[in-house]
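As written, the chain order gives the labels A, B, C and D, with residue 1 at the start of each chain.
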Amino acid sequence: MEKFEAIAKKYFGTEVSDRDRAIFEGAITLGAIFHQFTGIPITKELVPLIKETIEKTMGIQPFIKNINVNISEDTLRSYDHTYDYSVLTGDKLELEIISQYGDTQVHLGMKHVKELDFPLMFIKKIEES
Amino acid sequence: MEKFEAIAKKYFGTEVSDRDRAIFEGAITLGAIFHQFTGIPITKELVPLIKETIEKTMGIQPFIKNINVNISEDTLRSYDHTYDYSVLTGDKLELEIISQYGDTQVHLGMKHVKELDFPLMFIKKIEES
Amino acid sequence: MEKFEAIAKKYFGTEVSDRDRAIFEGAITLGAIFHQFTGIPITKELVPLIKETIEKTMGIQPFIKNINVNISEDTLRSYDHTYDYSVLTGDKLELEIISQYGDTQVHLGMKHVKELDFPLMFIKKIEES
Amino acid sequence: MEKFEAIAKKYFGTEVSDRDRAIFEGAITLGAIFHQFTGIPITKELVPLIKETIEKTMGIQPFIKNINVNISEDTLRSYDHTYDYSVLTGDKLELEIISQYGDTQVHLGMKHVKELDFPLMFIKKIEES
């Protein structure tokens, strides 16, 4: 275990397993992305740049292995005049995150669920090997 | 199980336990608080109001039982002139969160760890009954 | 002029008038409120607390004399189940700000304009005396 | 005047000049950038991407002609281990913005002023032609 993780570990309960930890780290990043990036001005043309920025900046959070951001372009405007843009909101945003701690990989996601009218965050799959 | 939770459950893998879920929900809120509230203008006088606002607004996130926010006042200014205030940053902020799903309660926290120079988020305790 | 404002003044062009400055300071706060507070979880019950928090925290920004926040409650949910809340977005938010520098008072506002489908920020009135 | 600007104009007082308006629009963007982007995880390697994202997303705000973002790299970490990154804060960020309305161009800026220990926003120059 690397030196800095050994320092961090002292703050965690001894009952915390690799599985617990992998879930924990992935979930933090879900919450973080939503609350950091909603509000950003966005047009269709800016989608690739915003996608890359979310994936790369939030991908340095601890134990995040992969982030895939999807922004639903059909709700976005194609900049035609001064006021013709949107801001990023939860209903436009889909997230897939893979976190890993030790040998456990967790696949997490977020998508807007119409029946709940809510940007639901969820754990899709837990892989312990 | 309430109707809306049944809808949400369909997005979660069947292997996801109550323990997994309680950790997941608490961790989302840790990430969310950090990225929503850092940046707010703050003085010593405003600490009680900001504390209450974080606790109550983020306390409505799913399966959050309790939030306790601590803002270290010794790093804050006491508004004396026009430019005499700070903005809330991670090193000024300590969080304690209790999340609960089914019978599992998880105690989570955040505090600035000097040795890491990092606002560390952690799982203090998992109580399954 | 207070000591700290004298330091700040050195960064401003000499052609900047009190009127220019009052507009400048009020507009900063409009932009700041939108991008700091959108994303906060909100229900009808939480409106008074969130209103107070925005008004008081952003009211310490330089040369802001008054802020009045209006959150349109008809678009908000009244918390009935786990997923039954919204997050604050620009279309739910109306702002009135008065900034003052020297003897000039500026009345600024923000409201969602349907014809533009845009949270328009504007200068309502400039009072020089 | 374009159709949508004519709609927007109705919300502005008739005494609002091009100069007033250009200052107003630039200042909104200063406040917006600070409160939208502080909190983003950052390392030296990510500076060009974050710079581009701020410049391009905030550059679509009304009447913004140019944005130049400078992030002071000497305070940033070069990612070496799990916890070895910073988040973007006001003291790491320098902004230059040019706004234009009609024939008036306004040069605005933000930088951390040590004597105030404050991320000061200012109007550098107003050019009416």
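Note that a contact is a pair of C-beta atoms (placed from the backbone, for glycine too) under 8 Å apart; a residue touches a chain by one contact, two chains touch by 3 or more.
Keep in mind that what you see is a predicted model, and the values were worked out from it rather than measured.
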Between A-D and A-B, the pair with more C-beta contacts: A-B
Reference chain C; chain at largest CA-centroid distance: A
Inter-centroid spacing, chain B versus chain A (mean Cα positions, whole Å): 17
Chain A-chain D separation of Cα centroids, rounded to whole Å: 26
Junction residues of chain A, two or more chains touched: 4, 8, 34-36, 39, 83, 116, 120
Complex interface listing, chain C residues touching chain B: 2-5, 8, 36, 39-43, 46, 49-50, 52-53, 56-58, 60-63, 79, 81-85
Parts of chain C lying in touch with chain D, wherever the complex brings them together: 4, 7-8, 11-13, 15-16, 19-21, 23-36, 108-109, 111, 113, 115-116, 120-126
Of chain C, residues touching chain A in the complex: 34-35, 38-39, 83, 87, 89-90, 116, 118, 120
